[in-house]
Amino acid sequence: MRLAFDEKGADYLLATREEHGNVAPVLLRKGEDPGAIRVDVPYQMAMILTKVNKHVKDGKIAVVARKCDERAIAELVKRDLLDPNRLALIGLACTAEQVRECRCTDPCPSTVDIGECAEPSTEDAPVAGVLGMSLDDRFDFWIDQFRKCNKCFGCTLNCPVCFCDECLLEDKTFTPEKGIPPGLAFHLIRTIHMADKCVECGECERSCPADIPLLSLRKMVNRDMKELFGYVSGDPERRSPLLTTLDGDPMEDDMHAC
Amino acid sequence: MDKKRVVVVGGGIAGIQASLDLADRGYKVHVVEKSPSIGGHMAQLDKTFPTNDCSMCILSPKMISCADHENIILHTYSELDGVDGAFPVFKVRIREKARFIDTSRCTACGDCITKCPVKVPSEFEEGLSNRKAIYIPFPQAVPRKVTIDKDHCRMMTQEKCGVCKKVCQAGAIDYDQEDTIVDIEASTIIVANGFDLMDASSMSQYGLGVCKDVITSLQLERILSASGPTNGHLQRPSDGKEPRNLGFVQCVGSRDSNTHGYCSSVCCMYATKESILAREHAPDVDIAIFYMDMRATGKGFQEFVSRARDTYGVRYVRSRPASIQAANGDSGVLMRYETRGLAGEAKVEEFDLLVLCPALIPSKDNGPLSEMLHVDLDGDGFFRTPNLAHPVDTTGRGVLVCGFASGPIDIPDSVSQASAAAARAAELIEGGGRP
Amino acid sequence: MSEFNPNILAFCCNWCSYAGADLAGVNRLQMPPNVNVVRVMCSASVKPEYVFKALSQGIDGVLVLGCHIGDCHYLTGNHRTAKRIPLAARILEKVGIDPKRVRLDWVSAAEGEKFQHVVTEFVEDIRKLGPNPMREVRF
Amino acid sequence: MIKIGVFICHCGHNIASAVDVEKVVEFAKTLPGVAYAGHNLYSCSQEGLSSIKKSIEENELNRVVVAACTPRTHEPLFRRACEQAGINKYLFEFVNIREHCSWIHTKEPEAATEKAKKLVAMGVAKAALLEPQEEGESKVIPRAVVIGAGIAGLAAAASLLEQGIETHLVEKDDRVGGLLKDIAIIGPEGTDSQKLIGTLIGDIENSPKAHVHLNSRVKELKGFIGNFEVVIADGVEESKVEAGAIIVATGARELRPDGEYGLGECAQVVTQLELEKMLSKSELTAKSIVMINCAGSRQPGREYCSRICCNASLKNAMRILDLSPDAAVTIIHRDIMSCGTAAEALYRNASERGVRFVRYSLEQRPQVKTGTGGVSVEVFDETLDEKIDLDADMVVLATPLVSPDDSVETSKLLKVPRDKYGFFLEAHVKLRPVEFSTDGVFVCGSARWPVNARECIWQGQAAAAKASIPISEGKVRIEAITAEVNTEKCAACGNCVTACPFEAIEITDCDGVRAAKVNEAQCKGCGTCVAACHNDAIQQKGFSSRQLGAMIDALVRATTEGAQ
């Protein structure tokens, strides 16, 4: 509390606390009773922020953010969807156990305010497993996985960097297959949409009721992005290479009133 | 008078292009075409070198744009009757010859044509098939209206028949129709009346008109055309058989001091084109082209010749035939020629079909037309353009020329020259024209 | 069973590749009849979504043709194409679809022969790969 | 209700010889939304068009599909027909079954027919989703830029100016005239070239609307027909010129094949252009001259005939004889390319004046032997059928014109294509010789193909005619293929803004609703933004993802059904 309001000079604090046995995000005004703040349950603060932003039009918001939140926020800032000047990050280091679960290679926030940085994980058994398969086996593997999909959109709804209000995967233009499961294109399109912004928070995989190893897919494609264009999502400096010229020049980008 | 008015004489590709450029530029254009349809010789061609683009396919849209254009007035089946005045005001008298048809009523349904009893050799098909005395020259004709040929119509010549009038439900037939005279004022006149094909039968050594299986290149063009007299099947006239071999004779009456000294410029290439097409229509036919110099100077022309030689096995023989006569019997042709060099020998070769590439000569109208316009022709009978700085200016101010009327050139050159004529007309109209 | 006849979708940009394809036609350059061309104004307007859609629905291969880099009628449009399409191919590979089923190439308005060459070669490659496995998959 | 009419063209035999048109018609009738399907011998003929119009009215069609040749040449024609029949021209869809089918599968009629069916199915599927569009208009800046002040560029500029159009003439050299600078007399008529250049540049400089930039290059070029932005740099400073049309007249240069035929190794071996210089300075001393034609042309690697060299040889042979009647001139050639009246007359006169003509073949090219004193040329005379030796005190090579080295930059700058020899590629070799397929950019002279002075001049005028059309009209229509945003869907992520090559999109905030906004006038209709948008909120008119998606579905359907 003191950290948020005194040191970071914020007017609000966005954190998670326990209520009736559940951990949920909460927005606290300055001076409000914090209650039982808990930081042990990962929550997609970036996503919450975009929602909060719709109502809280001014004032500075302090956010309890893990490294992946920090990178997700960077992606949203690049797209003018968040105003960096209205944000103060309270760096939260993930526990070793959490890092292992996400096979996280970059767990340490730029400033650590809470907890201690764990070692980045070095091996990634699931990804290695998929990449070890022959093309045909890999195909069968993913088809079996995607067959389990029941098109609940959990992966998109809980994704911190999915910012469309209306997802094109909901209409039939690109995914004409009727009903459930939605077919291959659904997952391929979602994958390429994530390619230049996925911060590997693992929320999609956690949210998936069918246990489709989505995080592995994301991680593999992020490796491709790095190989092809030397690009890493969450980098606050660089624009997506998919939008820029070969020399990486973006076009002018500024806001106008109509 | 409205000085932004131009008369274009001739509705071939050159006349069409000049008219379109001027009309798009906002000027009123009167196109005076002597035949019942615009299109000119290009309409008769099957394909065009060196891309083998279908001629009608690329020409037809331009013909139609001409007909549709708000600034273009088509006077087809018409001729210049008189020209007075001088730049910037020419008084032009146009005679619209009677078609004996009320064109506002004619729907070109063709009932009259089917019923007409009189057959006349078709000019468009180079005499290879017949049209009727009431006719539309070719399927893509613009305008699509029928015309009565008064020299052959029985009603006109013998006052009997009248079948067309009976069958015409539109009531468009009018045997008493007379020529209409249209008087207009124009600031400039563009001559684009193209060329005629020399009548090679006048040169007995080539056997045209004597041997059935000696034809002209323009006749072959029709034979090769899908919409032509043989529906694109390669056949020789004598017995309708597909020829086993085919010879082309270049420079018939051209590059020849006794007839026409100049080079017609396009024969080498169209002969090459026609031999490629002939091979495509009849894969087994053996082809030889007898020439003096193989003049392939345009974009892609040399490659085109190589393609004919290497891919289609066309034989190029540098020689001028000594004599051509009918082979034994009714069909085929015997040709005597000498191969070049001291080692050269006299040869006799038999061809199932022999194609002459006659000189393309100035239109026979050039004489009267040049007098009417008070401009000079050159020694060869083309319109003289002495001023290099203004290549489309004739010797008469405000009288311009483009296309083959100015001398032998191919289609792209005719087209660019036509646009040049349009530019020059615009210069004269807007700025008075640098002398 | 008759030999496998690939069913291929091609996107050609209006200014270079489509013109190149026309030139191939004008020159009567013969090539296998497996490639069906869709005209787009610029190769950069080809959404990777189209590629994924086509392949998921059993199309055997997708060809994306544009102007050479530097010649794009829209200045740098094809710079985007040059990155999107290769990435799409990588993604396909990750889910077990051979990336060779997608080919990006540059064909200018003057390159009728190149168009013929690319088409012939691509059809051959797809023949070697065999039918798109998605043809057999029913979700 | 959607009522699509499908019209399949025979194009004479061009399509019908490979594609079974009737079969395709029957197939088309089975496609969803098709109310009528028929065929024409030539759809583009007046007859074909009127039959299309007729059936539009009879069958109350509201979408039209024509399967024929290429939209790049014929789309305007059929669009106009639709308009005349009362249908918005953007409700027309073109299917190419000639260039993309019958012409490239001539030997496989069955496969070609099946493919034609697929293509038609795709076209119909798109047509069903087409929507009427209104075209925008944009003004045309009444100013032209001519690049290159050779004879073609001069003629173009002079014509534009005489037509009252302000013109900038950009020349990289310090003098105008191009190749003609070093040529005294232009054959075959024998015109004084310096006089000619003088007259043209005189006329130009006398015009108040002329701007001549010497020692200058076009450094940047942006924009589109009617609204080009040209940066002209003269080494010292840069000036920005706005123009409505551009004419390319960058010409060609004479090939100097050093090492061939002793050129560069032996002083007595020169090119025609070098001979021209001597003649114009009347420095010629040689008495026996041998000219070798096709030196460097009509041979593997450079197969083309450069069109003007034969006539240059003929002209110079005559000039040599005029200067020193006792000189002996031999022209070694493969074919004499003196097309037309004047050139052929020159050829005749040359032989009458005693110029000797020796014909050689590509297989046995002449050998130039350089010894002490003079040089000699050994050549196999095709006509005599024997090897002969020609002593000479000068050998002149008639070498071809080749595209200038900087034509690569020019083509990149203007985004216009070049052929395999580096000459510029016009929109259509037969009927659009001075136009590029890019609107508002034109070409003339030897930049397109080697041509003589007369041809250069009329092509320059022709290019001027084309350029004057939009300028005198004052406006051009903008084809309705620009991008449009669905603000409901737009998440204002700015992907399109970053992707757009023309800075035509911005994120606007209209009372709290942030969304992308397309500037119609700046949008060139490339669709780059469309592919960048993640939720299909931005679409290109006439190329929407629903339309293209439908084409893919149609292809899939046509195939699976075809298989069964």
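A, B, C and D are the chain letters, set down in written order, and residue numbers restart from 1 in every chain.
Convention: a residue touches a chain if its C-beta (ideal position, glycine included) is under 8 Å from a C-beta of that chain, and two chains touch if they have at least 3 such contacts.
Here the structure is a predicted model, which means the values were calculated and not measured.
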Chains most often in contact, by C-beta pairs: B-D
Greatest separation from subunit A - chain, by CA centre: B
Chain nearest the overall Cα centroid: D
Where subunit B and subunit C are represented by their mean Cα positions, the distance between them in whole Å: 44
Separation of mean Cα positions, subunit D and subunit C [Å, integer]: 26
Cα-centroid distance, subunit A relative to subunit C, in whole angstrom: 33
Rounded Å distance between subunit A and subunit D, as computed from the means of their C-alpha atoms: 51
Two or more partner chains touched - positions in subunit C: 26, 28, 48-50, 53, 57, 76, 80, 84
Shared interface positions of subunit B, touching two or more other chains: 51, 53
In subunit A, residues with contacts to at least two other chains: 168, 173-174, 176, 242-244
Touch-based graph of the chains, sorted into line, ring, star, complete or other: other
Contact pairs between chains, per stated definition: A-C, A-D, B-C, B-D, C-D
Complex contacts: residues of subunit D adjacent to subunit B: 10-14, 16-17, 41-42, 44-47, 49-50, 69, 73-74, 76-77, 80, 155, 158-159, 161-164, 186, 189, 191, 196, 199-200, 203, 298, 303-305, 307, 335-345, 348, 382-386, 419, 423, 428-434, 444, 448-449, 453-455, 457-459, 461-466, 468-469, 472-473
Residue numbers on subunit D that touch subunit C, as the complex places them: 70-72, 96, 98-101, 103-108, 111-112, 114-115, 118-119, 122, 411-412, 415, 417-420, 425, 437-438, 481, 499, 501-502, 524-528, 530-532, 540, 543, 545, 548-549, 551-553, 555-556, 559-560
Touch list for subunit C against partner subunit D, complex: 7, 9, 14-16, 18-19, 21-22, 24-26, 28-31, 33, 36-42, 44-50, 53-54, 57-59, 70-77, 80, 84, 108-110, 116
Of all residues in subunit B, those that touch subunit C in their complex: 51-53
Complex contact set, residues of subunit C against subunit B: 26-28
